[in-house]
Amino acid sequence: MYQEVILDHYKHPHGRGLRDGQAEVHHVNPTCGDEITLRVRMDGSVIGDVSYEGQGCSISQASASVLNDLLVGKDLAEAQKIQETFLELMQSKGRIEPDDAMEEVLEDAVAFAGVSKYPARVKCALLSWMAWKDATAQALSEPSGSADASGGKTA
Amino acid sequence: MTSTSSAGRVPAGLLDTEAIRKDFPVLDRLVHDGKKLVYLDNAATSQKPRQVLDTLNEYYERHNANVHRGVHVLAEEATALYEGARDKVAAFINAPSRDEVIFTKNASESLNLVANMLGWADEPYRVDSDTEIVITEMEHHSNIVPWQLLSQRTGAKLKWFGLTDDGRLDLSDIEQIITEKTKIVSFVLVSNILGTVNPVEAIVRRAQDVGALVLIDASQAAPHMVLDVQALGADFVAFTGHKMLGPTGIGVLWGRQELLEDLPPFLGGGEMIETVSMHSSTYAPAPHKFEAGTPPIAQAVGLGAAVDYLSAIGMDRIAAHEHALTEYAVGRLLEVPSLRIIGPTTAEDRGAAISFTLGDIHPHDVGQVLDEQGIAVRVGHHCARPVCLRYGIPATTRASFYLYSTPAEVDALVEGLEQVRNFFG
Amino acid sequence: MTSTSSAGRVPAGLLDTEAIRKDFPVLDRLVHDGKKLVYLDNAATSQKPRQVLDTLNEYYERHNANVHRGVHVLAEEATALYEGARDKVAAFINAPSRDEVIFTKNASESLNLVANMLGWADEPYRVDSDTEIVITEMEHHSNIVPWQLLSQRTGAKLKWFGLTDDGRLDLSDIEQIITEKTKIVSFVLVSNILGTVNPVEAIVRRAQDVGALVLIDASQAAPHMVLDVQALGADFVAFTGHKMLGPTGIGVLWGRQELLEDLPPFLGGGEMIETVSMHSSTYAPAPHKFEAGTPPIAQAVGLGAAVDYLSAIGMDRIAAHEHALTEYAVGRLLEVPSLRIIGPTTAEDRGAAISFTLGDIHPHDVGQVLDEQGIAVRVGHHCARPVCLRYGIPATTRASFYLYSTPAEVDALVEGLEQVRNFFG
Amino acid sequence: MYQEVILDHYKHPHGRGLRDGQAEVHHVNPTCGDEITLRVRMDGSVIGDVSYEGQGCSISQASASVLNDLLVGKDLAEAQKIQETFLELMQSKGRIEPDDAMEEVLEDAVAFAGVSKYPARVKCALLSWMAWKDATAQALSEPSGSADASGGKTA
């Protein structure tokens, strides 16, 4: 599963470090302690920057680096499509063999296809992507930023 | 066992028990110097098919590891098997989400779990001294004692539905019993002592009208009929693996997702946390929040195999088999002089457990003399002593059937009871 | 695996692992295209010998029935087997009475059981807002979260012993931590992450001086050394079956008889009662008082077989084997560049679980690359996150040994770590 | 296990009914609901009467009848010896084959030897004997009658 591409991103991460943004989130993978702090800066409907700091395994670190590569500069709708495609690949339990179309969308991120066979590592690969999704939602719902999380039945 | 029914009516709708029985090694057991076992104690626990035992062996011989935290092959496999069992159980009960299926050690833990959650819950679920708890007089002790404890500890008032003379719930005073103060209504779907199948809809409707939660004890339903938690309309459903061809040591609590999110945890420990520091902890989302410690991994996997076995035959066909057999058994038992069935005397809205008394011969003696003929029934109060008190009897003898039970076994029981009568007559 | 140790020292005192390994089917498992499994994840769960699996099969194929209430052959046999398992466990831990052995589903339930009992107890045991609870910073989450919950629910203050830099309990402030207000001191006998064996006597003595109860988490001790509850001097001892060759789904709580008599029940339901009416219930004497519902019957019987297996080899010999192997492993691991052991770096007062970090290579990556070579270790915080916080690390890699582990497996681990370093170097 | 002797005692119990006594106890076998109310009258150190009422199976009823036969009129010490011998027999799990000496002590009660093979029924056979032991202890400790049942550790 450790493709050369993954190791490269791990050893030389792209866009690492925290820079300005409209929203910041902190996500943890409770089963292994991987952590990421991630900020999103939107320039209108374009992803202006995704900056991050964190600790974790090669998979989670490389995945954040790939995310930065792929999403920064993209239009939100396109970025979301990339995120969904990556999610689909990671949840495929090794059953998706990325084709050219997918490779077009995911670029380096297709290297994570092998990781999808290891459920315990899928969470690592998705950590930064889930954080990005969360931070983006917050950035867009500024200044309120609080979705209704109560719910439940009133007696 | 080989003779055809002396009553001459061979019930229709039976399963191919000859084929099914081959899957159950224990049914070949000989007892008391060569007598063939007639196992009519299925309401206490069911026997296990070869398929379940093979699954257990394969788990231990090839895949055994602790779940959820490992990156090695065995841990991945064990986790996939354990979580796969959750998928199977979720499908079996038509749960909207797999995350609503909590594995416990038995139905009793499932029921206690809900009682404890409600005691520690915030509003609007909190059970306290201003509130009421409703159960029924036909509950298993496992659905009585947790509520007595909760009532003692919180000051909440415990109320219950009584029983009619023919073994059904008396719902005539439902408006007085379930009120605006009621926080939880917990009742049995199929009684383990009377065999009664209870009218879920009427109770759920009233509970919903007053905003009370509903917990259904489906321990005697899940093994025997189609169990659809969405159709039931309850908030929680509890049942136990060992009565439905599964191993001992595994139970299930199904609960509506939003409730599982809102309600506090029960047991604390490994697996149920998100993050722990010495000062405070946060909890994992359900179902893990309610599964502290190493779960009954092999047992969940075994229950998954049991559910596969049951589904392959079809729960509707199993229900039809048992219905036909129960109808036959009720008819034949009522022919036995001085036998009194405690519970419904027809097969309508009735499960396959039949309790009875035989004159004034004590059930212990009935059971013992039957046992000497190889016939295994249960005697006593069947963990439902209030029912015995209600009908003024110390105990009953109970015969209970399952998918492998046959009319010939009913006949053996009836003949055995004749011997009991001769012996103590 | 075939090469002799490159370190050239073959440790003395080892068991005949060649013979022992034949009893464990899973140890022949090939993983990742034919690599032989090197199972070094024993602190998470142990593998099961053929003898335990045979016992489970025989139980289900011949004797399966619900326990305690039946007068038929199977029920008598199942009861005798289940209660016989209690006798075996009682003997294994040198309990003064078999009635002091309670079967639970795992160690986590055992620990929660005590925490809950104390929350509902009368004086002098009652934990409330005027009282204090003492644990340590090296506890498993299952011995932290129950006490955090109890503390939140009762207002009692939670205190703990910190750790020294070399992975031992810092008892220097014992008089300030365990005080007249302390109601319960709960601590681990052998740490599952650090491997540390804790000084029981000093803690028990201080607790007794102030009249506090003592609960010992022996989950990592019972599988590996002679466990004598009388010698420990504690009031309660908890452990878990699946780490000591037993099935999943079974745990044990031992408690002093007079305490079990005085303390209130935990889960309510069938089996734990003396008599039930709708208005009130009385409880059976211990151990049944604490065993609500159908117990993990097959699992208890399986644990009995595990205890037989361990006893036949001898817990002292198992301890000696592991000590020798740990000494060897510590030595070899310390040769690996940039490897840092988290926990004691000698084999003194140390169990057979060794946690370490490898430079700044994340444990997930270490574990994964080892796994590709067939070597199963555990990575993460091992349900002891406060220990990771204490030592400023996100996680560790942990190798843990058992009676079937060999020096060749230690060598395989060390070679595997070299590959990890090459890969991420 | 149903010896003729047992059935005889069951069908024609000896000494049944509640009469005067210094102490009364009520014992229940929780697993099956067998109940007995039993009174003891001591005439000095001699068992003056053991009277009882109860419901239960043939074993528990017959055992009470046999107890009445065996103990009434005996000196306390002798009665205790009989009780202990019966207890030993019942706890023998079918391993004791009563010899002449035991038969001398237990008379009709040796018929219960077969019951000892059935753990679930041993409690039935012992119900009245345990009740007698309890009631006798109470009768002897009159008028106080309350043993210290608290115990436990003080913190």
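By written order: A, B, C and D. Residues from 1 in each chain.
As a working rule, a contact is a pair of C-beta atoms (placed from the backbone, for glycine too) under 8 Å apart; a residue touches a chain by one contact, two chains touch by 3 or more.
Just so it is clear, the model here is predicted, and its values are computed rather than measured.
Among the remaining chains, those touching chain A as well as chain B are C.
With respect to chain B, maximal separation of chain centres occurs for A (centres as means of Cα atoms).
Each chain gets one centre point, the mean of its Cα atoms, and the points for chain B and chain D are 38 Å apart. One simple way to say how far apart two chains are is to compare their mean CA positions; for chain A and chain D this gives 76 Å.
Centres computed as Cα averages put chain C at a distance of 45 Å from chain D. Here the CA centre of chain B is 32 Å from the CA centre of chain C.
Along chain C, residues 69-71, 75, 273, 275, 364, 368, 379-380, 385 each make contact with two or more other chains. Within chain A, residues 31-32, 118, 121 each touch two or more of the remaining chains.
Taken as a graph of touching chains, this assembly has some other topology, since it is neither a line, a ring, a star nor fully connected. Chain pairs that touch one another are A-B, A-C, B-C, B-D, C-D. For chain D in complex with chain B, the touching residues are 1-2, 7, 31-35, 55-59, 118, 121, 124.
Looking at the complex, you find that chain C touches chain B at residues 25-26, 29, 31-32, 37, 39, 41, 44-45, 47-48, 53, 56-57, 60-66, 69-75, 105-109, 111-112, 115, 120, 137, 140-146, 148-149, 153, 158, 160, 240, 242, 247-251, 265, 267-273, 275-278, 280-281, 292-299, 364, 367-368, 370-371, 375-380, 383, 385-386, 389.
Within the complex formed with chain A, the chain B residues making contact are 68-71, 75-76, 79-80, 123-125, 183, 211-213, 258-259, 261-262, 273-275, 284.
By the touch criterion stated above, chain B contacts chain D in their complex at residues 362-365, 368-369, 379-381, 385, 388, 394-395, 423-424.
By the touch criterion stated above, chain A contacts chain B in their complex at residues 28, 30-32, 118-121, 151-155.
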